[in-house]
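All remarks here apply to the structure that follows.
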Amino acid sequence: MAFPKKKLRGLVAATLTPMTENGEINFPVIGQYVDYLVKEQGVKNIFVNGTTGEGLSLSVSERRQVAAEWVTQGRNKLDQVVIHVGALSLKESQELAQHAAEIGADGIAVIAPFFFKSQSKVRAEELLGGIQEKIPTFQGLKFSDTDLLDFGQCVDQNHQRQFALLFGVDEQLLSGLIMGATGAVGSTYNYLGKKTNQMLEAFEQKDFTSALNYQVTLSYPHLPAQSSYTEKPCFGVSQTKAIMTLVSGIPMGPPRLPLQKATQEFTAKAEAKLKSLDFLPFPGIKGGNLGACS
Amino acid sequence: MAFPKKKLRGLVAATLTPMTENGEINFPVIGQYVDYLVKEQGVKNIFVNGTTGEGLSLSVSERRQVAAEWVTQGRNKLDQVVIHVGALSLKESQELAQHAAEIGADGIAVIAPFFFKSQSKVRAEELLGGIQEKIPTFQGLKFSDTDLLDFGQCVDQNHQRQFALLFGVDEQLLSGLIMGATGAVGSTYNYLGKKTNQMLEAFEQKDFTSALNYQVTLSYPHLPAQSSYTEKPCFGVSQTKAIMTLVSGIPMGPPRLPLQKATQEFTAKAEAKLKSLDFLPFPGIKGGNLGACS
Amino acid sequence: MAFPKKKLRGLVAATLTPMTENGEINFPVIGQYVDYLVKEQGVKNIFVNGTTGEGLSLSVSERRQVAAEWVTQGRNKLDQVVIHVGALSLKESQELAQHAAEIGADGIAVIAPFFFKSQSKVRAEELLGGIQEKIPTFQGLKFSDTDLLDFGQCVDQNHQRQFALLFGVDEQLLSGLIMGATGAVGSTYNYLGKKTNQMLEAFEQKDFTSALNYQVTLSYPHLPAQSSYTEKPCFGVSQTKAIMTLVSGIPMGPPRLPLQKATQEFTAKAEAKLKSLDFLPFPGIKGGNLGACS
Amino acid sequence: MAFPKKKLRGLVAATLTPMTENGEINFPVIGQYVDYLVKEQGVKNIFVNGTTGEGLSLSVSERRQVAAEWVTQGRNKLDQVVIHVGALSLKESQELAQHAAEIGADGIAVIAPFFFKSQSKVRAEELLGGIQEKIPTFQGLKFSDTDLLDFGQCVDQNHQRQFALLFGVDEQLLSGLIMGATGAVGSTYNYLGKKTNQMLEAFEQKDFTSALNYQVTLSYPHLPAQSSYTEKPCFGVSQTKAIMTLVSGIPMGPPRLPLQKATQEFTAKAEAKLKSLDFLPFPGIKGGNLGACS
């Protein structure tokens, strides 16, 4: 029931939870999704039931079923299946962690509580000191801030590289790498995994110019060229579902309320932009599953 | 199974969830709690499982049990028992609403989603237009912002006063009253209900001077005179539990993680201040249930 | 050279600085502006060179000239002319204060520094304790937050009502009054002074229903009925200049960069709304001075 | 009167404005300051009257004198003297720009208005498109956000590297470099210039490990090892003045109000930490100019 200790490296896709048009979980496509990640994107690690997976919009019982399905489908195909077990109720979180161990997940992750917040904050660096004594199965952390100072100090604490320090801001991964990230978790690796792996390789070979070119290209490739970032791009789980459906041909369905489907306008623009970049295979299927919304 | 339509008026106490020292729910004291509110504070409406009640830190099954206990204990004593059924998962929220109707609660309330947020906001005024067609059992809303402009326009929409417009910023209730509030929901009415009722009366009689005196006295009466509000008072559920235990003599216990018990320093200062004001009865019991924390 | 000690009561208009189409100060219309405030709006106190007056967009030398012109034109007509002398450079602020005293202004005001901020904050209540010993000419303060708790405690400190406690959130003045405000400073009193004085009177006579009706009507009367506050109304100095030009017939001109003129769309909607309310006299002049902008 | 077109590269120190104990500008030490930067820190570009230089706390006349002194003292010693001419009043800003050209400064800089803010924002990338047609003397921009996505796109726009893209977050310069920064502006280069130049060199030689070691060491070297970043380090102009005085032996004096001197506690801790790192020469002078404050 303990988690095995494999080292987590490279890209980790934060998976979406596929749904049917009426909002129920679309379990049958999860197997296809695994194959797509492995074969088309070269991504062999996943992070299930996180923000991208609408984990907190699922009931506890649904979270268990989704976790179990990914573990089952990923067997012998994926390297690591990490289950997010964070919940507002600590009790429920504990139950989910127990369940993840029972079904044979490779690891669990929790985000810090966000409704009631702890009054004594710690910075990531402090957290790393002595954590292995407290949590022997501790594997690493995901860092999703753009403030790289604290991240750099985590790296400094992590001399022997025993922990995974996963960077969580997809559009700035290159700067995370130079600061010492050992891998990355993100939603874009669902469909940009292959290209991002090429950036990782360029970085390994110290080819900065190529690496920077990849990074710039990979930043919101789906947004129309002229769109301004100052009109905060409406980009989140809904939009990721629309794009993943386009790119993979696997229907991701609508998000759950309170999220709303991406608009047809968004989807049309994103499709045009992605096609113009000519680095994504398009299977040509998208029957009806990308609807309008306000 | 439908909610009966009684009109909600006056003060509504947002109840705490009493816990034992080891963090389990202390069901046996809920009956006492009802009696205290009715007899000592003159408060006959309650709001259960909200923020003050740590509703989101309870498991779904605990929320049902807590709701049921308050309904049972409040029968023939309380006017209205409103159950908060908001949850991150809409499915769980629907189940809780169904359950509240089944056990005979007088109403339910939900807060707007706060993890994923709806992209199309509405202001309260817009919400009121035509809502009775959409939700025939709609009773009213709780307004917890200090921006009274929107509140004023709700009042304007509510000419015939068919809805309850409950004000949720305890320390500024007087300004809510002049803007047209029909009642108030708050955590301080657990122990300041009697005095606040006196302020309501002064306001009804257009005795502004008294009303203002009450309001100023009732604002953080538990804080030491010299404390500065600019050092944001560490005041929340933990502190409310400590004060309510002091004042009522009913042990509220510690909060659940990630919240931490109020410090002994806080409790000592609050007790001194409350005693100096001389308007709270002190039962004199407080054995061990107000511990230290960092 | 000391400021005389008259008591500041009632409404204080935060004046606009009229400009010509090419952005120079339009001194000749200031006399007309004084007459309009006194005769049409019943407002006899002004606050010059504040935010509404674009004080910080003027050069120091322009600020002196504007202050002098208002003092000259206001003689024997206005009760109090208060000059805002705040500046990022304390030296310049001191010079402006000295100048205000020399030209015979009735008072000065400063806002707290906002580029570099003081690290030791004080709340308004603390500020009032003993201030008369430190600043013998201290007259009062303007409170522009919607957090009325701190305001209420200022009132509490101010038993003998020796200070002016001016409320600065026009749309919520009624709630400020019940909390003990002795007057109000705002930009809307340039054109809503008369109606707001009627609300003050209703409040004095404890006619809450009328007072509340006035307050609701006076909140953004210039905004189209259906406009949503959630799309944060683009309302500031530019829009106030456009409305004041419409309502008073005195050309206020464009704001200075970085502000841009109100759009024609805004002005047209505001005019329609104001006319429909039928409580503003329209002189019918508005030749060209309300232009378009992006 | 036009600015000559030299290319700005490498480190740019944002200079402090030295003051006497009574808050007047200490002109006589500016020559020493220039020599210190050039000889001890290897820094030959400066940015005068910016935030670090308390430019907005100086009167307009003082800003001219300070600018002139730096230009005079830097002649034949410094590569580029850039004068910050931003002011709340556009008129004053224009006068300062004119003056900078007249005294022979190498360039000017302005920050975007921050009291009244423009309603139509642009992102940095958009700004670069076609700017040379509008402002022929445009040399580059300073980027001070940690959101490197927008910065990366500036770099992408700047293929021919005609502009200087200066990175402004000292503690994260390494990540700026890999994203394509051509130089850096910052306050720490006053005393960490030499070490930072060593990091630049390691980066040029693609020695990531050394570069990262430098970056981690250079991040707040003056803070005690155990200090937590979550208690937001009180670090600003006051603290920079204290450290620069310690390290250079040139008295920087106190900051102007509303800033307060760094506390003796801060200075003592910073000194101990800096000495323990053993990479800063200490001249041993610090008589009385580092006082206490609350």
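Brief remarks on what is shown
For clarity, chains are labelled A, B, C and D in written order, and residue numbers in each chain start from 1.
We adopt the following convention: a contact is a pair of C-beta atoms (placed from the backbone, for glycine too) under 8 Å apart; a residue touches a chain by one contact, two chains touch by 3 or more.
To keep track of the chains, here are their UniProt names: A, B, C, D = N-acetylneuraminate lyase.
Note that the structure is predicted; figures quoted are calculated from it, not measured.
Residues touching across the chain A (N-acetylneuraminate lyase) and chain B (N-acetylneuraminate lyase) pair largely coincide in numbering: over half of the numbers involved belong to both copies. Centroid analysis (C-alpha atoms only) places C farthest from chain A (N-acetylneuraminate lyase).
Centroids built from CA atoms put chain D (N-acetylneuraminate lyase) at 51 Å from chain B (N-acetylneuraminate lyase). Chain geometry summary: the mean Cα position of chain C (N-acetylneuraminate lyase) and that of chain D (N-acetylneuraminate lyase) are 38 Å apart.
Residue positions of chain B (N-acetylneuraminate lyase) in touch with at least two other chains are not found. Pairs of chains that satisfy the touch definition comprise A-B, A-D, B-C, C-D. Only residues 121-123, 126, 146-150, 152-153, 155-156, 171-172, 174-180, 206, 208, 211-212, 215-216, 219-220, 228-230 of chain A (N-acetylneuraminate lyase) touch chain D (N-acetylneuraminate lyase) when the two sit together in their complex.
Residues of chain C (N-acetylneuraminate lyase) touching chain D (N-acetylneuraminate lyase) in their complex: 54, 56-60, 62, 88-92, 112-120, 234, 236-237, 255-260, 294.
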